[in-house]
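Same chain, two partners: subunit A is paired with subunit B first, then with subunit C.
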Partner chain A sequence: MSSDTKNTIPTVKVTIDNITIEVPAGTTILNAARQIGGDVTPPAMCYYSKLEGSGGKCRTCLVEVAAGSAADPRPMPKLVASCRTGVMDGMVVKNITSDKVKDARAGVVEFLLLNHPLDCPVCDQAGECHLQDLGYEHGKEGTRYEFERRTFEKEDIGPYIQLHMTRCILCYRCTYVADQLTDQRVHGVLDRGDHAEISTHISKAIDNNFSGNMIDVCPVGALTDKTFRFKNRVWFTKPVLAHRDCPDCCGKVTLWQRGDEVLRVTARKDEWGEVCSYDGKPGWICNTCRFDKKAASDWVIEGPVNVNRHSVISQGHYSALQTPKETLPEVMGGRAPKLMMDIHDVSEVNKIELSQLPGAATGSDFNSPAPKEA
Partner chain B sequence: MQLTQRAKPVDRSPMTWLESIYLWNIAKGMAITLRHMFMKKATIQYPEQQRSFSKVFRGLHVLNRDEAGRENCTACGLCAVACPAEAITMEAAERQSGEEHLYREEKYAAKYEINMLRCIFCGLCEEACPKDAIYLSQTFAPANYARKGFIYSKEELLIPNPVTEREAYQKALGDRKPQHSTTHTN
Partner chain C sequence: MGRKLLLEKANVPGICTYEVYRREGGYRSVEKALKSLSPDQVTEEVKKSGLRGRGGAGFPTGMKWGFLAKPEGVPRYLVVNADESEPGTFKDRYLMEFIPHLLIEGMITASYALGSNRSYIYIRGEYVWVAEILERAIDEARANGWLGKNILGSGFDCDIYVHRGAGAYICGEETALLESLEGKRGNPRIKPPFPAVKGLWGCPTVVNNVETIAAVVPIINDGAEEYAKIGIGKSTGTKLISACGNINKPGVYEIDMTISVEEFIYSDEYCGGIPAGKKLKACIPGGSSVPILPANLLLKTAKGETRMMTYESLADGGFVSGSMMGSGGFIVLDDSQCVVRHTYTLARFYRHESCGQCSPCREGTGWMEKILWNIETGKGKMSDIDLLWDIQRKIEGNTICPLGDAAAWPVAAAIRHFRDEFEWHVLHPQEAQQRNYGLMHYADPIHVPNPVMA
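Moving on, here comes the complex of A and B:
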């Protein structure tokens, strides 16, 4: 079917894992696969549809092209990066149906993890980390690497963003954010090859109002929110959709709450882990929303986030925000049930408001006599 | 209907003369009693004697330290998410410079609590722990008059420091060998 009735972009037919789909010419294989969705979609660590020029670096999206096009049905000699390869009419792509792809992807994961410190128990990204997911789904169990892992000197890049260079996989997404969202580029990749590192030029703090979006685009824990640092594990927090009238950004966010405390604010993510779009524009959020609005009263809460049930974050089973009605006093004639022990009187946990701390809690925060209600 | 082969019909025949004087049956019963006096006792003198537990016995939790006496726990929360009884809660803090001798990694559990009233001693926390930081020892949770005594804080759970309190550490370790904190590959 040709679409000359509506627009001039011709459509092409492409078959990915035996599923045929019609997409506009010029679409990449990855985006065509995303239109099909599900397992057919190759994983992507560096490609980000909202960032121009991204992709082609991590090689996790490699696919096999079994037939180049209807006009020239020869297969492509090597696996190709699906995020950078456009579809041709009659192209036949194999992703999960190809053993070559599975093997190559396991190799790519092994390479990505070569220098990765695997400090997931400490890392704040654990639970929503794309590299973690990728490693579990496509990787090999062990490592064959026997040498010292690459380490870097710790660098402070400002009060809001924590940089862990050892965790970085050099996907370049954050530098594209710096380039495309902020006016002056203060953040880039220094050095080459094995020494390449993300850094702010001359350790200049990133103070652009949209710099916080680097946290959202980072597929690993290299860039994390300093105001959320070590506050809680992501799977113990309750993600809810919220919005506020923000003069700078769309104001549509996900709040990561514990009780009524807002521990973290992020942009809303779609099923590919990318920032959601509103009216064709990506929903980046400003630093004011992300770092400064840490009270539930700042936000209009819409409802719980629909978390994929395969994610560890879904273990909280947050399906509604209404607390169930307490019926015991009602049936007991208005008398509250007598508790043998109220855990909150005994427990020493949850005595300080973590959300009010500017950064990670320290030992002194816990040792100072917290205002204990009687 | 006969369900098993072991059922015996009740003997309702009248007693014989030997049975009717009862003396013989009393002697039979006393012989059994006497025999048990020389058999191995089923009980032990508890506080002085103690039974040895199985190697895989799951008792009270211990928060582990490494050989240098630093706490292993990084407050990763995997024990808490693995816990089917939701007995574990914790709060993490960042290690400051000067605290390197106290905590092994840059993040540590500032507060760590196990509610022993909730705990079912399944040992899933021990299995979930990636840092060998928590294990179930071979002791019971001692009895207590008040419920609040069963909320164990980090101070109560921590193993004695192997550097400063050597004997107490060895005693707490029991027959568990200290696992060296080398990186174990999976």
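Moving on, here comes the complex of A and C:
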């Protein structure tokens, strides 16, 4: 290839589930799999491509590396976290084709759901919850856990965000948001082990203009928007793309509407549930856009969001609703369908003109002697 | 009488002071290394000695040093892992408490080999007094010109700092230790990158156990060949074993890895046998996280050979019928001990010490603890034993750091070798509250099948 210049990043070939793809060197296995898409992509609960240092914790994206690289084709001894493992040229990765991976992933899903309250019916995240999707795709129908689940008190962190630690899966994404987006970190993990909790140190408010992005990165319903809490189920709302000229952020958002009312404002998300990027910069939005601009007149509406048809949100049929074509007259050869009563205009038993009867026919209409023919 | 290299002078009165230590021949290795050897030659000596990491994994130290990246203009660090928190292990404490200068001396030599101008001792928070002993030793060494700028006129600068942990077992994992040393929450890092490439503050770092670094002193003093002569096969040199549990003489012993496990337990030179006429039931040969072995498999391997106190022999048979040398925490259980209760205690420890970063370890350790508590208190079901097995299987190998494995192995080994004791607990819940299962068949000689001739 003569068009190659020095600036181009060398590409490497990696085979994931027998599909070979060429990606720039330094790409992680997960991101390579995302380029292939579909079932080949391992699920990821903690990895967030826009947050530096995230990933590696939830272990749902574990994959088997059957061959390390073309130079050193030995398999890796353990399953690796695909979100934090870079591809090598000639690497062979097994995801859904590996029984080891499927077994480990089922275990991880069980572990993640072990202490999760499964309060989806009252959870605002239901319908757009990654743990719900994960449980649906990889989970078992029952749990083997017979003990009391861990619970925490609900906590308000600031005027806009509520922390419901009971639902948390400790993905650490929100702490990375606090680290990387906000200038004053008051948000982290206290304690350790299964009693570790996300917290603002000693119930401080998070007072920062970009704190609302924690809600967007939260894969479960642990961090919820207080302005939207219990207002509606997401699948009853219609997401539309909108923008405004914001001095602080990109101003590109999704409005979640019911009728003309704006119930919620979030950043725009891509197919992996991550915030979209514009010109290589993540489209985080500020708290003013998120919490204060709740009138449709604040925004320039661009149009409906394309919702994945597998999402429960897509059942709202909000966009370009088409009435199905009426096919019955065609089937009946141009004849309009009639009621059952009209199949015979005149009763063959006693020659009663059915169409002459006032209202529906009753027994007495037939039992009465037939009118004498003139 | 085995040969002692580390603890030879430990009982000399006042050995913890610089004067006595120097008078007894201390700091010779620094003189030798700085005056007559290049850093690479020191590393080469350590490689030739066959020294293996004494912290638990047993990775060859020289090879680890050789992996250290050496980019221009980037500082390199030596960090000594003194966060000795494995239940049953207390050898490093003994060493630092009695001959702190041995560690300092080894650190200066190792820092010279690695090019570390600032070296750290990350010491367990509970070892308050040991940290003070080390601080005093460092001050003495600095006052006598062994630390600071231009040591012995060689142009090599080195200083040593003691950093106290805050009492977390997980900070003994090398990357969690580095995080903690940087002042962050002690969560293990995701590897790669390994510390040899990106360690402390993103710079190449070697993390070594206290005993490993102390062993550098005799290697440089006597030469690698001399050191490698001690021991069997790839288990060279001497190893500190902290023996505890049901033995007559618990304590720290230096063995030269040529003796058998049986000799170690029963000889008067070491543990001195099991007290009160009881019998050996089981033993954890290398600290709480390595697999427990019943008496018959402990003294003889599955092949019928005598099990020796070496890395290879203790690991003989893999996890099916072997264990690990680990960190040398030798815990002996006699026939009055209950393996179920013992396993529960370990599970409780690992649950408490799990950092909670990755889900299998965070959730799985707590789950195992609860199930074990049920079995122990007579509320267990037969299916719980299989469930435990499945949980440990799903934790092992799927976590960020080895703590997950460390939590899974004791449970796995206990079920593997003592399943009938677990079943007895489930089937006789009342009886299990009043008495222990006892020795049963755990010391019976194992049948070794005759090799099939081809």
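Note that in this section the second predicted complex is superposed on the first by the 312 of 374 C-alpha atoms of A that agree within 3 Å, B and C clash if a C-alpha of one lies under 4 Å from a C-alpha of the other, contacts with A are read in each partner's own complex, and residues count from 1 in each chain.
By definition in this document, contacts are C-beta pairs under 8 Å (C-beta built on N, C-alpha and C of every residue); 3 or more make two chains touch, one makes a residue touch a chain.
None of the values given here were measured: they were computed from a predicted structure.
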| item | value |
| --- | --- |
| First, second, both or neither for A:A196, with subunit B first and subunit C second | second |
| Subunit B versus subunit C as contact partner of A:R335, first or second or both or neither | neither |
| Touching partner for A:F236 - first (subunit B), second (subunit C), both, neither | first |
| Subunit B versus subunit C as contact partner of A:V122, first or second or both or neither | first |
| Subunit B versus subunit C as contact partner of A:V312, first or second or both or neither | first |
| Subunit B contact footprint on subunit A (complex, rising order) | 119-122, 126, 141-143, 229-233, 235-236, 312, 315, 340-341, 343, 345-350, 354, 359-363, 365-366 |
| Residues of subunit B that touch subunit A when the two form their complex | 74-78, 80-81, 89-94, 96, 99, 105-107, 110-111, 113, 115, 130-131, 146-148, 151, 153, 185-186 |
| Residues of subunit C defined as touching subunit A within the complex | 168, 170, 185, 190, 351-360, 362-367, 370, 387, 393-395, 397-400 |
| Partner subunit C, residues of subunit A touching it in the complex | 55-59, 62, 78-79, 81, 84, 103-104, 107-108, 110-112, 114-115, 144-145, 147, 169-170, 172, 188-189, 191-196 |
